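Chain nomenclature is as follows: A, B, C, D, E, F, G, H, I, J, K and L, assigned in order of appearance, with residue numbering initiated at 1 for each chain independently.
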Amino acid sequence: MAAVKSPLSDEALKVTGQALQGALVDLIDLSLVAKQAHWNLTGRNFKVVHEHLDEVVDLARAGQDDVAERAVAIGVNPDGRARTVADRTEIPQLEAGYLADDKVVAAITDVLAQVIARFRERIAATDEPDPVTQDLLIGIARELEKQHWMFQAQT
Amino acid sequence: MAAVKSPLSDEALKVTGQALQGALVDLIDLSLVAKQAHWNLTGRNFKVVHEHLDEVVDLARAGQDDVAERAVAIGVNPDGRARTVADRTEIPQLEAGYLADDKVVAAITDVLAQVIARFRERIAATDEPDPVTQDLLIGIARELEKQHWMFQAQT
Amino acid sequence: MAAVKSPLSDEALKVTGQALQGALVDLIDLSLVAKQAHWNLTGRNFKVVHEHLDEVVDLARAGQDDVAERAVAIGVNPDGRARTVADRTEIPQLEAGYLADDKVVAAITDVLAQVIARFRERIAATDEPDPVTQDLLIGIARELEKQHWMFQAQT
Amino acid sequence: MAAVKSPLSDEALKVTGQALQGALVDLIDLSLVAKQAHWNLTGRNFKVVHEHLDEVVDLARAGQDDVAERAVAIGVNPDGRARTVADRTEIPQLEAGYLADDKVVAAITDVLAQVIARFRERIAATDEPDPVTQDLLIGIARELEKQHWMFQAQT
Amino acid sequence: MAAVKSPLSDEALKVTGQALQGALVDLIDLSLVAKQAHWNLTGRNFKVVHEHLDEVVDLARAGQDDVAERAVAIGVNPDGRARTVADRTEIPQLEAGYLADDKVVAAITDVLAQVIARFRERIAATDEPDPVTQDLLIGIARELEKQHWMFQAQT
Amino acid sequence: MAAVKSPLSDEALKVTGQALQGALVDLIDLSLVAKQAHWNLTGRNFKVVHEHLDEVVDLARAGQDDVAERAVAIGVNPDGRARTVADRTEIPQLEAGYLADDKVVAAITDVLAQVIARFRERIAATDEPDPVTQDLLIGIARELEKQHWMFQAQT
Amino acid sequence: MAAVKSPLSDEALKVTGQALQGALVDLIDLSLVAKQAHWNLTGRNFKVVHEHLDEVVDLARAGQDDVAERAVAIGVNPDGRARTVADRTEIPQLEAGYLADDKVVAAITDVLAQVIARFRERIAATDEPDPVTQDLLIGIARELEKQHWMFQAQT
Amino acid sequence: MAAVKSPLSDEALKVTGQALQGALVDLIDLSLVAKQAHWNLTGRNFKVVHEHLDEVVDLARAGQDDVAERAVAIGVNPDGRARTVADRTEIPQLEAGYLADDKVVAAITDVLAQVIARFRERIAATDEPDPVTQDLLIGIARELEKQHWMFQAQT
Amino acid sequence: MAAVKSPLSDEALKVTGQALQGALVDLIDLSLVAKQAHWNLTGRNFKVVHEHLDEVVDLARAGQDDVAERAVAIGVNPDGRARTVADRTEIPQLEAGYLADDKVVAAITDVLAQVIARFRERIAATDEPDPVTQDLLIGIARELEKQHWMFQAQT
Amino acid sequence: MAAVKSPLSDEALKVTGQALQGALVDLIDLSLVAKQAHWNLTGRNFKVVHEHLDEVVDLARAGQDDVAERAVAIGVNPDGRARTVADRTEIPQLEAGYLADDKVVAAITDVLAQVIARFRERIAATDEPDPVTQDLLIGIARELEKQHWMFQAQT
Amino acid sequence: MAAVKSPLSDEALKVTGQALQGALVDLIDLSLVAKQAHWNLTGRNFKVVHEHLDEVVDLARAGQDDVAERAVAIGVNPDGRARTVADRTEIPQLEAGYLADDKVVAAITDVLAQVIARFRERIAATDEPDPVTQDLLIGIARELEKQHWMFQAQT
Amino acid sequence: MAAVKSPLSDEALKVTGQALQGALVDLIDLSLVAKQAHWNLTGRNFKVVHEHLDEVVDLARAGQDDVAERAVAIGVNPDGRARTVADRTEIPQLEAGYLADDKVVAAITDVLAQVIARFRERIAATDEPDPVTQDLLIGIARELEKQHWMFQAQT
């Protein structure tokens, strides 16, 4: 197949494609980190935090699909393979083994803050080149910021 | 927290834990591989294969949760972090960029065959040490073998 | 298409394939027998038995799909054609015409007992060659034995 | 139980009863043929045809119940036993073993065309003796003709 | 408001209107009779017959709405008032007080047979003047005949 | 069957039984009156009033079942036959033929007011003899008074 | 693809095809007219008529699919393109701009009356050549006549 | 009724109104074109493309309502009549008669590309005058671009 | 935790608390008795009575939760432990082993009559001290009396 | 419109009206207070208390509608305007800014206790004048007392 | 708890916080005003307007939660207490007592117009400081403008 | 009724029957213990633990039905009467009165560990005599071990 004919100029495509690929790596690793915590959690607030983490997983998985399909829709191939995610993720990684609930809450709060900061840069970067992509990123950012508040409120 | 008190002996625990950790890596990477193909697919059968791949993703994600939670339920910490998956996966990786539908069908058929072979080993290995875990692995293997048939039938 | 590559050895495949084909004929004819009774029933307990028979039909139809798809998934072609069913079924057949409710209850109790006996043989036979198939047959047997009890309790 | 008192005259009953019994055999065997193809299918269009065939099965099963219950409602005993279906069906039978998707599409198109021809005769035959039965047969014929078009369009 | 302008000729309207008004009285009283039995029932089969009667009530109530709205749609005012129903109904009435289940089954079988006979006359009468109304009456008759069979089968 | 053994004294039973039988006649005729208006309605507010009347029908039908089953539960046979309703109803009857929407709203407001007055008497009468019945009547009265307000608000 | 092999004779096909194509144009334009009114409506009864018009749209859209798929099922190509609809529609067109609610009710009543008249001709025309198509047209006509009554009742 | 008082200035209103009216014509004709292909389709991929086209129809119909109601909400009358659509549409029209599946996929890919180009112009045009309208158009464009990718991927 | 501060006076609390604790024991044992019969039932009416008993179980379990939570809401600790239920229940106990359907119907009728008698005493006792509790008990009593009628009607 | 004609005497109306108006102010402010805490909450138990507060909001909003519509149904105009609520509420107000979870639990426990006390007075006051209103207030009080227990249990 | 760490600069935070607090007061009072009208409404269009007002309530309540949670997510405490709403609302207040339907429609049209004007100012104000908040406000404004059109269309 | 004819030998029946009866007592008392804690709970984690306990109740109740019906299906009468449960249960009993949340979590963790140990013995015991029963016990054990982990994780 010939590459999908993009509705964007080459320059716009490059900027937008980078924003989407970056968002994809963030969201895949966010889902892996949240699941790792979901499984290895311990502590008095186990049940609540265990279930709360799955809200983050759901959000991250829905976001993955949206940004990857947006990328290919404008003619950029998304890369969500394990090696790519492991090598390029900027999310601080969790330790192996049991994870105490208060530490998980702090860690996820921190992870979300960092991901949000990168999303805000991507929102700024795509404003001119592709408002359709920007609108998608804004929607995901709103959900991330809501989760960030809810985790931070527990600290 | 003290480690979860396992209902298994140390030896049984070791064998069962390895089976579950291996299954976890297989299932996480299966979901990533299937999503990568889901996004970068092209060809006359795009729509059908695109949707069929999401059935594999759903199966792999449901399986991840079951094996990881089974692991921690018997006192073994599951490890589903990006680095762990990237380093330990034995699943053959897809190329970056567009993927033709017939090649995807062949690749997924092959991936499933390999994963199934490892699951059959894990089923044999857990028969004595933990029939509860074995029963879980049998259930997942049946779903994997059904998907394997459906992909192979298209080749 | 080349035959589906089976995860089983030839010997295991033969035993398992026979068990599944036998189960398929049993389940298709069970559904036909139960429908025949469902339609031609008479008697004081018509309404209850009429509806109860459809539970058997549902169970038999769901089981058909599972065993036939299990067969092809391991590389054996299931045969559920009318002639095959008519020639190979071992289920005692109903008379044509109206069927009194108490006789139907007795007949279905008997049919289920015979089918169950054959399922128990298949469960024993597949224990070694294919525990995945065995697990499927166990699940269907449990449902058949539950229906057998409920019909027998009415006699 | 005495035979159900029919709202039809003897002559009308005979014609209508034959139409319904013929329809019953057609619909039971149509469901068996479509399931046989559903299970043994191969080819590039496996997934779509596999699922499409289940639409035919659903239609045929719903139709079976309607015509059989219509028969008994007017005082005629429907006969849907395996032997009856195998002996009386006029539907051309499928070969055993794997079935290529394009051949299945052609075969089902042909099977549906033949069943439809017989339904149109039954519709004509029941116009006078029992418009209630005719209305039921018209409704089923419409569904069969819709499926016939959809299979034929793929050839 | 001026009368609804009918799509039918005066003669067709008269015949069709009478058929619909007759059907309305039959269906309202059928629902009242079935409820009376539903409430005052006794006997070994209480639970089944009690619930079965509500199927008749549901059918009769849905039919009432359809025939009454059909009447006004062609410009005839339906009359479903208590006095009209009580004076014009031809359905044999139940005794006051407790009603034994076998007598109820026999009575409802008889009531349905009589209502069906009148519906068959209305179907014949409306064939020429209004096939749209005829089609509606045929649909209701099929349901009534199905219930008639199921009650008769219990006698 | 012997009469249902009542948990009430003879005197309490008589008062409660009369209240329930009266309520039954009111609710059956209310449903018939509301349906008659539902079908023959005309005027600018046709669609709204047409649908609003069905809320009254639903309320009246649900109430019928509750009061009749309450009656038999305490050992009193409810009588909801057409003749009984026509002879004993105190609800003012509608004219035959088309009914203008404003007149319908006024008529239903009036009907509801009268029914409510009788329910309030029944609530007072059953306070001592059977608080369980009283509670049921209070619940229905609340719904009737809510509908009364909503119809009156349109006048 | 060769043309779909029709179950009808050439003459029957021609008559039936014309009836279906005519019905298709009527139903597509009915949906466009009803939406135009839905959007540009004003007046005291805005909310009710606005929502009522969407019932007509739903009916017209469901009918379009049924008649177009019926046409192709018997071997006639339906034509529902914008130019075809604009040139062949016989439905009187609405003015541009705001539309008062009472005028909309009158206009839709008139549109429905005209469409119904043409449907009744098509029902008569297809009686001999194709009772299956006739049955479909009767079903749609019943819904159109019900909506016609409900709009006319508001005038 | 006086015109809806717009929250926009005259100039902003004119630009926004034109964007919405253009979008309305695009979306109505897109739904007609997709339905025409849905009905007249043939070819090996009939079933998949047939169903895929209905996703486009659903998207186009939901979009029609949103843009037309947005237009009237800011005080501009939308015009979605058959004549307007036929005369103003810029979408390339399909031939009459059967349409091969690969040609349909190519044609729809092309139609979507053209519609998307016009939506991107409308998004640019409404940025200043009405960000609320722009946000609506961005949302629809995202869906159109997703469908465009999925059709193009099949070519 | 300090004891829940009750909104009732000490005297009112004592009376109300006893009524609720008594109701709790009745309802827990009612659910155990009904399940015991549900499992060990035999006879011609097996299927109907088997399912009917589960309605009693559902009612008893919902009631348990309501009365126990009502108790603690007013500051009284409910006691639903196995020993407490076994020692304090006044419900006549079933024999071990198979239970014939007619005997079960008679036994449950009797059990319900006794439980109802105690509920009526509790309703009388709580009228003054706590109308909120009384209202809850009345609601449960109504359901118990309805089931009592339905079981008694089968004797 | 003339005032709604009340089914109550003037004196009864006055007492009942005051009870309902008081309940309305309590319930509106309860919903505002619970939402204020829902939004500004912090602390280890954030997630649980955050969601628990929305149960109180749902209860309070459902109660508002019931008491206000009950008021107008008996002829008294409910007043739920912001100024009325702010001036007449007796509920202790929360501070602005962040609210720690344990303080919120204590505050809501206290608020509920005060509201419950006023509801118990209203239940006593309406016993004679209007048992229908009393029954409504009892139902709401039960829900409030259940929530009171659940908040108090956390202190 | 330390204040939530905001992703915004102090200046951006101040502007955005004011916009959100203003929106919160508008939306809370809009829900109170719409409920007040919902309860005290009278007139020929009572039923339609009564239900239409609840659409406004639902919209306003959903919006409250979104803006308040957005505020706290960026580190600003929302204030939705009764006193705050009563003192700061700029929405014109309704009279106490019955409200005629045409006056309510006019009043709500006017209220919505004023709220929309303030939302448009907030959308302009937040464009630079926080596009995520702006996107939320745009979404609410679109719904408000749609309701404004629908109310205005009835005047 | 004669005893259900068991598909098992006498010896197999005895072993399997004991395993099922033991499991039944465990599961009934587990549901009672969990409800007792559900009702009498106090402490900071009240809400979470209160709801978590109901997951255990649901699991235990579903398990009761499965093991009891399995027992009777193989010809053994299950005994779930209050006295039997109280006398034979090996589950450590809770104190009467309020129960602090941390003590409940520890107690339930301990109860589950003991029940699991007995289930593992029953799984081993039924491996030879009845693999169908074993499969059922394995499925319940998996759920119990999952809950055990989740409670233990909170300690």
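Heads up, the rule we're going with is that contacts are C-beta pairs under 8 Å (C-beta built on N, C-alpha and C of every residue); 3 or more make two chains touch, one makes a residue touch a chain.
What you see is a predicted model, and the numbers here were worked out from it, not measured in a lab.
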| item | value |
| --- | --- |
| From the options B-H, C-L or B-L, the pair that copies G-K, where over half of the contact pairs coincide | B-H |
| Averaged-CA centre spacing for the pair chain L and chain F, given as whole angstrom | 49 |
| Between chain L and chain G, distance of the C-alpha-averaged centres to the nearest whole Å | 62 |
| Junction residues of chain D - those touching two or more other chains | 1, 42-43, 45, 48, 69, 72, 135, 153 |
| Pairs of chains in contact (touch as defined earlier), listed by label | A-B, A-H, A-J, A-K, A-L, B-C, B-D, B-H, B-L, C-D, C-E, C-I, C-L, D-E, D-G, D-H, E-F, E-G, E-I, F-G, F-I, F-J, F-K, G-H, G-K, H-K, I-J, I-L, J-K, J-L |
| Interface residues, chain I side, partner chain E - complex | 45, 48-49, 52, 102, 150, 153-154 |
| Contact set on chain E toward chain F in their complex | 1, 3, 28-29, 32-33, 35-36, 39-40, 42-43, 61, 64-65, 68-69, 71-72, 77-83, 85-87, 89, 93-94, 96-98, 100 |
| Interface residues, chain J side, partner chain I - complex | 113, 116-117, 120, 123, 127, 134-135, 138-139, 141-142, 145-146, 148-149, 152-153, 155 |
| Residues on chain G engaged by chain D in the complex (per definition of touch) | 1, 4-5, 7, 69-70, 72-74, 131-132, 135-136 |
| Interface residues, chain C side, partner chain E - complex | 41-48, 50 |
